[in-house]
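Here come two complexes built around chain A, the first alongside chain B, the second alongside chain C.
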Partner chain A sequence: MSTDEMVRAERPAATVVHRARRALSGFDRRFLPVLGTILTLMIMLGVGQERYSTERVDFISMKLLSNLLVDNSYLLVLAVGMTFVILTGGIDLSVGAVVALVGLSIAEMFSAGLPIVVVLPVAVLIGTTCGLLIGVMVQVFDIQPFIASLAVMFLARGLANVISVNSLKIDDDGFSALAAWSLKFGEGRELWRINASIVVALSVLLIAFLVLHYTRFGRSVYGLGAGDGGAAVNLMGLRPARTRVWVYVISGTCAGIAGVLFALYTKSGFNLTGIGMELDAIAAVVIGGTLLSGGVGFVLGTGAGVLVYGLIQVLIAREGLDSWWTRVFIGVVLLAFVVLQRVLAVRRR
Partner chain B sequence: MSPTTAPGQRAAGPARGSRGADVWREVTHHGLFWPLLALVLLILACGVASPGFLDVTVRDGHLFGQLVDLMRNSATPLLLALGMCLVIATGGIDLSVGAVMAIALAVSLTYLDNAADPSAPGTVLTAVLLGLAVGGLGGMFNGAMVAGLGIQPFIATMILMVAGRGIAMLITQGQITTVTSPPFKSIGSGFVLGVPTPVVIAVVTFGLVVLLVRRTALGMFLESIGINREASRLAGVRSRRTTWTVYVIAGVLAGLAGLVYGAPTMAADANNIGLMKELDAIMVVVLGGTKLDGGRFYLGGLLVGAMLLSTLERAVIIFQLPSQTTPLFKALVLIAVCVAASPTLRAMLRGRRRADRSDAPAAPVETTPAQEVTA
Partner chain C sequence: MSAAPPAPVVQMTGISIAFPGVKALDDVGFRLFPGEVHALMGENGAGKSTLIKALTGVYQIDSGRIEVEGREVRLDGPSQAQAAGISTVYQEVNLCANLTVAENVMLGHEVRHGPFIDWRATRRKAAEYLHRLHLDVDPRSMLSSHTIAVQQLCAIARALVVDAKVLVLDEPTSSLDNAEVAELFRVVRSLKDDGVAVLFVSHFLDQIYEISDRITVLRNGRLVGEHMIADLPRRDLIAAMIGKSGDALAGIEEKARSTITIHSDREEPFLTAVGLGKNGSVQPFDVDLYAGEILGVAGLLGSGRTELARLLSGADRPDTGDVRVQSALTRLTSPLAALSRGIAYSTEDRKKEGIVGDLTVRENIALAMQARRGTWRPIPRRQLDDVVARYITALQISPPNPNALIRNLSGGNQQKVLLARWLATAPRLLILDEPTRGIDVGAKAEIQKLVTELAQDGMSVVFISSELEEVLRLSQRLVVMRDRQKVDELVNTDDVTTATILETIAESGARA
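The block that comes next holds the complex of A and B.
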């Protein structure tokens, strides 16, 4: 603030410079959190390259990227859905439990002999239904998103427990083929691949990007988070009620898709999967530069946030540290980002 | 903020409704009506399903019985919910309490483990104080983030929630530290004058918090901060310092809850102690009739909420359902209570009723001051 005042005092002399700087900083600041994310990503990649490259293999390679995406595709999809909800100023705690429920449902449906073309859509629809339930509770009954999604989290976890408390193996030929399918690039040590999970996750990210930035719905999502609990959106002639239900439906659907991806990844369903996964997703969204108060953020930033998240795990594993360090590091990174965002927000004012 | 129907909307016509109907309406519109009803029904149902359920006997000078067990199980959620309720009153939330439980217990037990004589009263007292201090430290961190830096409470406390369990693992070196110390163990499994110690601790703490909040201006400050932080600051409430204090209180209470919860087993299992307890605590607060928006809060409701939670967990066992279905019933109760208390549903019901007898405007209903609940 003091710098602003100083600049203001010199205004007559430096109007042009000031105006240029303001235009530049106005552009910059909106993207600054995302730039911070990308900078973090760069630093982590640099550290990794420095410490873990051997003469034959670089740390930074397409292989690393494809492994990161394979290991975190479900998280990416979850985080994309979560971005929609958080942009409206809401929260969805149910996604981890929904992933577990979907995984078990898939296993159960396959063992009941249903074909894969039925199973996968139904699995995704389970997620959609959970999201719809939250949306209705939030919009129609005016229950806070936190509590509504908490209730659905308990519901999904309870249903998952009812289906089975054991790990159910998924052995369907079509499903296994889908899990094993991949496009291979490069050779030998440089070999990297694109599998179905990556394709799905990146498609979801792309669609989310287009929807958020190039449609009326996307504008409404930002408006809901930015303008006085939907009043502003309403005055603009958009549809706040419908939009608010839709973001939870989207998040639920993404959780359903993530459940399928997680089942592809583990080839099983287990009722204890996804405990705390919602926090991973929220953390990735926050690291990606989206403000939890809503209205500010980019879904592509979320993508970068997921990569940072995955890279932390890779670095910890390469460093040979015990796994609990991961949590401490994620906490530290979160702390750094939240404080950074706060500093930026204060300066903007 | 208070769970009242807007009195202004009711036409102040001649009071045609009977007195009984007024009382009935007042009772059903009370924020605690639905949770209390659920609790009573649940306990009665348990009593029917298992005849000995309601019996309380005195054995060896100690109270025994299912109801006593329920109260013992309610102690931890109640302690957590007390702190949570104050935090929620300021418009915040504390997700870190479960992790703080784990850290406090890890520190206490590690200290006992390294002490020369784990059973000496002085050592145990130090261990307990150390646990509480660590809880307070966690609360100070949360408070600094929320009140000092102005970060949203959800994300500020989530940092400690994510990192806290890792920190607890660092303290215990990834082991499950186990100690034998009868005095420490009695915190969780002992009796004071025939009443289980956790119940005594919880009730005494509850009384202290009620005194602190309702016999001083603190409670009013909290509500004013929760309703409008800026306005209360302009009115002269030290909102930052008060908010900070509340997070520290919540941290200390979480530490205490960790000790009470972990004392019977004397094992610092950093991965599992207090896992998801923050959600239970928030559920207790909501069941107790406090809105997550901040502002009005009802400490008395916490007693009902905590009992409802532990009764629910026990009822699943009594009805011989698989215990892993508990979350399902938690969800159903949470949804039912929230929807029943939601203003929309009431408006819908009222609208229908009004349409039925549109010529009979209801008598003016005073706002139901739920304040006495807290006394």
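The block that comes next holds the complex of A and C.
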């Protein structure tokens, strides 16, 4: 029979596939989406290097990295916090509004004459409080994260409007000094710097990495993302309730820190700041390989996702296109990653 | 078991738990000795799951006391149960599919330096526990890449990690094959030899008698008795579970067979389908359905049984063929259209397509009746109450409380409510897809009896089931399905057996 022959012909091919799959299984499949992120990053860097390098200056340089981090430090911190929430299968829509509220609060507190050592911790705590509010609503009152964080988003944005509908300049010597501080490396065109925002953002990233991968709390964050509203973790004898409240507290705190960084970046507070910023953060997390359904992802991937996001902006600017194109490209990359995740999820089944 | 063990490791006394409208456990006592396998038996809704959940801290008890090793404990959550030395392996494995084997085995018990996990040591320890169970899997592989059997053994490895004194196995074998069950039992026996008390729940009597030392029987939320396995032969066990003798079950068969009246020069069929088919669903088939007759549909899972039912009931639209209801050409464009012509379809997926869990029994029964009347003509409350009360009595729905939420009922009783829903529409043709799946012996017998009686009263019934014996016992004619097509139609005479049907399925396969 011809079918028999076909089967026989297919067999070697099948074993090759099988072997390849076994080789792959030694490699953790969970890294696949992150690999996609890194590949995207490398392609973009390659394109940039090809098109924008001049004889004297390479496109890929410490200067590029430092600029990317300076411009996106607040986004990195937001995205790190968002990673915790999304890993549990939740979402936090409030963070953009919290950034605005924190910025205006900082300006208001300085103009009231409070010292910087009081202002900055209080500013971060405002974010923590917002996160705690969401966490309690989600855990204790069993409200969907989408709705709970939407409510806090309106609350924070509303309070920001109450403080001021005008842009408030932040006028404080200590704050200005902090904003201006930086370590300089290199000379002339090669000059690059590390400022306070970069230090803070990278510290947050490092701490988040340690917490997520090297503590029991981090493990239960992943466990919550296994589905069924954390039923598995509960039945395994862990404490899902505490973990769930904490991830929102972490996200809120990160939003508070991001608010400070954004204030350092703009040296002002404005009630319309950060509209849609929560969506940028979510996009960066998804591009970084974290599944929106929860349970799978890496915080370092989120770091790569933020770099992809920033690099798109740089490339668009260098091309001389309107900045609107940034959104289009982010949309395209995001779509590609969501489809990639879908394909991986289907193959896993 | 040899000499009587000194003291029970778990002693539960006077346990009561009530849900809204349902008394799930009523003054139940239960004890568990170290080094024994103790089977907990009972029909669906007898309170087995509730008792287990009380022991594992998922449900809080309303009254009674739980002692572990002689000390009273309060189990407010699974974490406290685990701290008390009680570990559980659930029917659907409750581990995290998104983590590795090692991460799952050690979750919450990772080896740490200060606050930080030492992954190397953690993985090594996980490997040790897996090795103790003779489980040869890579601790770094994803849990989801393994079979259910391996995942269950991983769950047992978790119990070793916490050094559990009590291991609860809730229906662990329902999705395992024979070799996997043997492997599981080997592990259970070695745990038992180490002095672990094992609480074992299963629907499979063979397995109960193979592994258990002692049996506790529950019925309707009450304790019936505790026996050593040797003192309780199967017949007595079943009788204790259903509260009546096994002869009651045998009676049904006689009754069904006796009703076989082969319509040779029949009256006009209630429904005739000619060349009815749908691409990718089921190939065109012909079938006649007569009043007063049960037509059985036999075939393996995925052979097109459900698809056939969905075409006959308007749930799917056919690509080809005609349907005549009482010789009038009819287009069954939706379940509602079918319902208005007296065709009711009870789905095989009770949870997803059948019950509406957050509604009461009364509301669930009213659904189809209301749909048939139309949205703008509410059913008068008194009339509804009458109908609901009638069916609750007639079908012996337990608890007989129309205001109970249906999700708090056992599977068998949910199925009865669904039957009531369709019967309340006074259908001429009732299509039942797997009405007895996941239901215990007693409720099964009751539903079978009811179906027989309905046919005797002149209803036309299509009965679909994976259990060939059941199809054979009930139906007068049989449609055999294979690979999404109707391959044969048999009159169910005495010489038709399960072997005949299996042969028909196999033969038609060879021919194809």
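One rule holds in what follows: the second predicted complex is superposed on the first by the 323 of 349 C-alpha atoms of A that agree within 3 Å, B and C clash if a C-alpha of one lies under 4 Å from a C-alpha of the other, contacts with A are read in each partner's own complex, and residues count from 1 in each chain.
In this text, contacts are C-beta pairs under 8 Å (C-beta built on N, C-alpha and C of every residue); 3 or more make two chains touch, one makes a residue touch a chain.
All figures in this text were calculated on a predicted structure; none of them were measured in a lab.
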Of the two partner chains, chain B (first) and chain C (second), which one does A:Leu125 touch, if any: first, second, both, or neither?
-> neither
State whether A:Met62 touches chain B only (first), chain C only (second), both chains, or neither.
-> neither
Chain A residues touched - chain C or chain B, whichever exceeds | B
Chain B versus chain C as contact partner of A:Gln144, first or second or both or neither = first
Have a look at where A:Ile163 lands relative to chain B and chain C in the superposition and call it first, second, both or neither.
-> neither
When the two structures are overlaid on chain A, which partner does A:Leu35 contact: first (chain B), second (chain C), both, or neither?
-> neither
For A:Leu202, is the partner it touches chain B (first), chain C (second), both, or none of the two (neither)?
-> neither
Have a look at where A:Val47 lands relative to chain B and chain C in the superposition and call it first, second, both or neither.
-> neither
Both partners, chain B and chain C, contact chain A at residues none
Along chain C, where are the residues that touch chain A in the complex?
-> 56, 58, 77-79, 81-83, 88, 90, 94-100, 103, 107-108, 110, 112, 115-117, 119, 140-142, 144-145, 158, 162
Residue ranges of chain B in contact with chain A within the complex = 93, 145, 149-152, 154-156, 158-167, 169-170, 174, 270, 275-276, 279, 282-283, 286, 291-293, 322, 324-332, 334-335, 338-339, 342-345
Please give the residue numbers of chain A that touch chain C in the complex, ascending.
-> 25, 28-30, 210, 213-216, 219-220, 222-223, 225-227, 231-239, 295-296, 348
Can you name the residues of chain A that touch chain B in the complex?
-> 91, 93, 137, 140-144, 146-148, 150-155, 157-159, 161-162, 165, 271, 275, 279, 282-283, 286, 292-293, 322, 324-328, 330-332, 334-335, 338-339, 342, 346
